[in-house]
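In this document, chain identifiers A, B, C and D correspond to the written order of the chains, with residue numbering beginning at 1 in each.
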């Protein structure tokens, strides 16, 4: 501790020495200036207040039926339950890692329920709620987190691409896919999910450029959950992210990301716009990552509890439930049924994960190429021979000895 | 050209019926252009994308006339952003298209390197084979044209090391014509390295031939004393070296590798088992160049046949030099022959 | 021609078959939409009309002395002359390539004359006018185009970085450098030049992000000369480029790039802003590339002559000359002196280039590393030995024979 | 650990005066942290940059506590953009700073590849030596930690092939401590590969030692029958293999290469001239991995000494597999011993 204290002081001294005086004066001025250019609370589209009150928005009208409202509620509850179960499975050692969507249910369910079957989705790695709406079996999402595969579903079965881990890459795939949709003369939309952190990646900017220049039918859906691991969103931009779109020549809008109705309405408008040939649009869903970045992360290192607590009051599920209750759209039977469905889902997922077999060793050599590759064939054969050598035993003493050491 | 050379390409003629009209001599550049045209005619899903590929026809005119004939929907001038080009090409491939991407010069492929290495190369495996991304990336590469920085590099090893990619380079017009179509037909991503300083070299193309497989090497000249292995621009240099050696009574075999991933080690092995000596030549820096893999693996396969270590001739471990020094940097006839001498001296 | 005609028709047929009808209807609508969202003529800052009239601008006042005006004129004329001489030298085979700045003199001289000595410049490959203002000896610019080096000046002698050929890269170097300026507590500015084409590169977007987040004192100076080789600026953006800045949280302005006074005034304002801690700014200088992209390019393949002719009327040198003449600031002696100086410059450059020696073979191995590298040492020694073998002769018959073949 | 092992680092002790206080056992992660701290104390121009390096101290906590003690001006959380991080680090270096950049995981270095290869590597040469860009890029690399895709790769060959870069990888705490400081002191760009699965392995560090040169290899264990060459995470595996072999009466020498660019071929050559056999081990795919260069060059240098071809053990030509398969993919004790047997069987 003493050493650390000394280091801190000496570095402070260094900074204020020599030209340092002016430097720190300058710095203060700069900070002030930056703050001044950022409006305190930009407008966001909201259709449902945290208290469960319906509000109107001139541009984004929506009139969901009771059935639809109950459906959205069910989606969110089941998604949250699935997510919690996955977190538990990670704690139990069944998964190597889990990236929780806790708090982002409205952004995901609202946007995904705005899509048609023909629309195509390019997710990042946290879109479990979107996957749910697309009809991807939740257990399939767990394969990569368990470490049995790097993507366990057929993207074309549900028009839901594989999770993409390298930040921002998928926005270009979505744009290219949308260019293809246009060439086909099809009238479907493409949606690319990404985070506030991802907004800094050059690939995302290039996706904006390409989609604008070709007027491609792609919706960029940014879940600004205000954190990129330990970095707050201000590390990525000093103005609200939705404003970026205008400079590329298409509209951007900020929506209350914890308001499932607003997310639904805005995404509906954006996809319809895309389908009718009006090109790309950026939606910034202003939300909050209630949990850790992933199960490997420890947010207490960088985040104040109060911040999280403030956001609990804006919980996306709670507010829809308040509406349902207020308008008497959800009786006990309905709520109990969802509870039961949640339990069943959790149980099914738990069992499926535990039963998930490890892949065969030789899977390493599968699907590296679609048309084959001589080197892969050679290595496959050599490895098979090597594995076989353990079975035949005596002549490979080194190997056997080593196994014991292991 | 020496009497022992086996012709200009791997395409084995099936030309009895229509020989007169299907065989002609043309530069590599034109063979590539014709091949792209043919691929676009045969398959409406084939697209051309890149900077200046449209009206201009590319800075080397390889896509000349294609936008005029196939329209802006199929020959696409892109924004100036290589990651964007490759990334959107991947998206188009996922939608069922077969994009052929032009990178303007070798040194400008690196902004796209992430998309190529982490997405294009791995997506098929990531999806357990359920999706395919048949993208061809054309790169005019290597030096010898007196250009400024970044316009003369040979980055093939940086792609060949990466599983999921295939890498090829033609050395003559026939291969240019056939290998391009095969690359486009391949369901795997192919990095197609075009030997830019040989673009204007003419040789025969038979458009009715039946080409051999894309990833096999070809014995371009038979010999008994030593094997020279090369691909792309260096094949010509090696053939010249073999011809020069012949005058001195040395019989050199020249193998045109054609593919850098996979490498056809069987053909190389067969040759080295006969000659007992191997010199690998490429423009790329020797250190961790493709020649290092050839040397390592052929030594393993032919340990008891080799009478000399496998020698390598290539670029130095320095950035590609300014144009006035490139003749010193590039492996030319002299440096190849020097290594041949060294190998024969063992 | 017949074959080509057929191909064109068949491709048209393919597109209009099946869903094609709708596709092409869609396409028309899309184009209309795009056009509609682009205002015909965005505002640009102008202080000197093409006719040589001074006009006022509320935000960018400037009152140059006669001496300054004459200085700007001299800079532009000499730069153009140097540029023409370099083009001629390329035609004569003395240079391998030349990238002419013809038409962009005002953008470069105006912006560069706004800088202090302590400011730092990160150019692309066409900033010969900027180099001139920084005091870089013009002959030094020619080394890389002749092929004797890849950058023939000491960047720190004139605070003028080397030319950067990979499009957009230098905007990040400028941003990092500006971050360093801030850390030093210095009050100088950094300026990064780039083109309309470069605006599409992810690196440029990342430079915008970093500079905004750190409030770095960097000015992004985009010369929109309306072409990136054969591609018109609409291939890069469907809205004016200066608008991109706002979405990153800093101001952008479009200036008449053929008006040297406006370029001077706006760059002065932007650099002062940066120096006083107000962060980055984007300037889009709206200009025109009068010549080919480089001497290797043939613009007749993609550009109509009339476009170029229209821009000739807006020539940056002509309009300042008109002002000088109108206000009687330039007499024949002055003009003759510049003419003479131009001739002398051209002569000096010509002679210097012709006398420029080829680098020594062994230069290949120099400066690869600052601290040395065993492999480079080994290759240097081997190559020296190899070269020596030619001198000693007989034992290397292969080599000698080859030389004759060559 | 076998009796013949020569200790934990190259640092040769000068510890007579202050032995008690300067020597301690610590994990590699802590040695790196201490080394960064020391470098920052010694030189105010040293900066740390990267994603989450500040309050969090990096996802592996290698920069833990540094922002607290040196402030946000010197330990900089960056926007999420690797090209931006490296590009601005270059700019900072041009201004006289010495940035140490953290790339969060191996698989995320590729967005920065263009800046590294075309700018960082070449700028000193481009400027004819007039400017220097002393940037260190730290990459936690290689597998064995059960991670998801892109978190376990070994891309070192993709950097070592590029002239202008230097590449090193420590295998123990002493090297971690000293090599990091030497990398920061170097006026050349250094890619510093940190063996992430060994972060928590403890060994001795003497902070008062006088370290040997950064780019020399170290004989980690002497032997007479065969040489095992490795670096980073595989050194431990090789030492285990040597220990296991000893029980069978085989005497294996283990060379910790430490540097992949330049490679210390002299030390390898000396070892192979003695043992006559060489097996190179790395996690990266064998095809065009650094082992190919070692095999090619050592075969050339030791042609008459080699009693078997140089064998290579490494990753396969496939994307790094999902975690449940990584033990199959990674060269473990068994696969190393299998190659040792094969080499000895010649």
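Basically, a contact is a pair of C-beta atoms (placed from the backbone, for glycine too) under 8 Å apart; a residue touches a chain by one contact, two chains touch by 3 or more.
Predicted model, so just to flag it, every value in this text is computed and none were measured.
For A-B, which listed pair, B-C, C-D or A-D, repeats its interface with over half of the contact pairs the same?
Equivalent contacts to A-B are found in C-D.
Return the chain whose centre of C-alpha atoms lies at maximal distance from the corresponding centre of subunit B.
Following the centroid criterion, the farthest chain would be A.
Need the CA-centroid distance for the pair subunit C / subunit D, whole Å please.
Those two chain centres are 40 Å apart.
If you average the CA atoms of subunit A and of subunit D, how far apart do the two points sit, in angstrom?
Chain centroid spacing, subunit A to subunit D, equals 33 Å.
If I count partner chains per residue in subunit B, which residues reach a count of at least 2?
Subunit B, residues with two or more chain partners: 73, 78-79, 81, 83-84, 107, 110-111, 114, 118, 122, 125-126, 149-150, 163-164, 261, 287, 316-319.
Of all residues in subunit C, which are in touch with two or more distinct other chains?
149-150, 166, 183-184, 200-203, 206, 209, 213, 235-236, 368, 373, 375-376
Quick one: in the complex, what on subunit D touches subunit A?
Residues of subunit D touching subunit A: 37, 40-41, 44, 51-52, 54-57, 59, 65, 68-71, 73-74, 77-81, 83-84, 107-108, 110-111, 146-150, 240-241, 244-245, 247-248, 287, 316-319, 321-325, 328-329, 332-338, 340-341.
Could you list, by residue number, the parts of subunit C that touch subunit D in their complex?
So the residues of subunit C in touch with subunit D come to 149-156, 161-162, 164, 166, 169, 171-181, 183-184, 202-203, 206-207, 209-210, 213, 366-371, 373-376.
Taking the complex as given, what residues does subunit C use to touch subunit B?
Within the complex, subunit C touches subunit B at residues 4, 7-8, 10-12, 14-15, 96-97, 143-150, 165-167, 197-198, 200-203, 228-231, 235-236, 296-297, 301-302, 358-359, 361, 363-365, 368, 373, 375-376, 379, 383, 386, 389-390, 396-399, 401-403, 405-406.
Where on subunit B does subunit A make contact in their complex?
Against subunit A, the touching part of subunit B is residues 73, 78-79, 81, 83-84, 86-97, 114-115, 118-119, 122-132, 134, 163-164, 166, 186-188, 215, 261-265.
Hey, which residues of subunit A end up touching subunit C in the complex?
These residues of subunit A touch subunit C: 18-24, 26-27, 29-31, 33-34, 37-38, 182-187, 199-206, 209, 212-213, 215, 234-239, 243-250, 252, 276-279.
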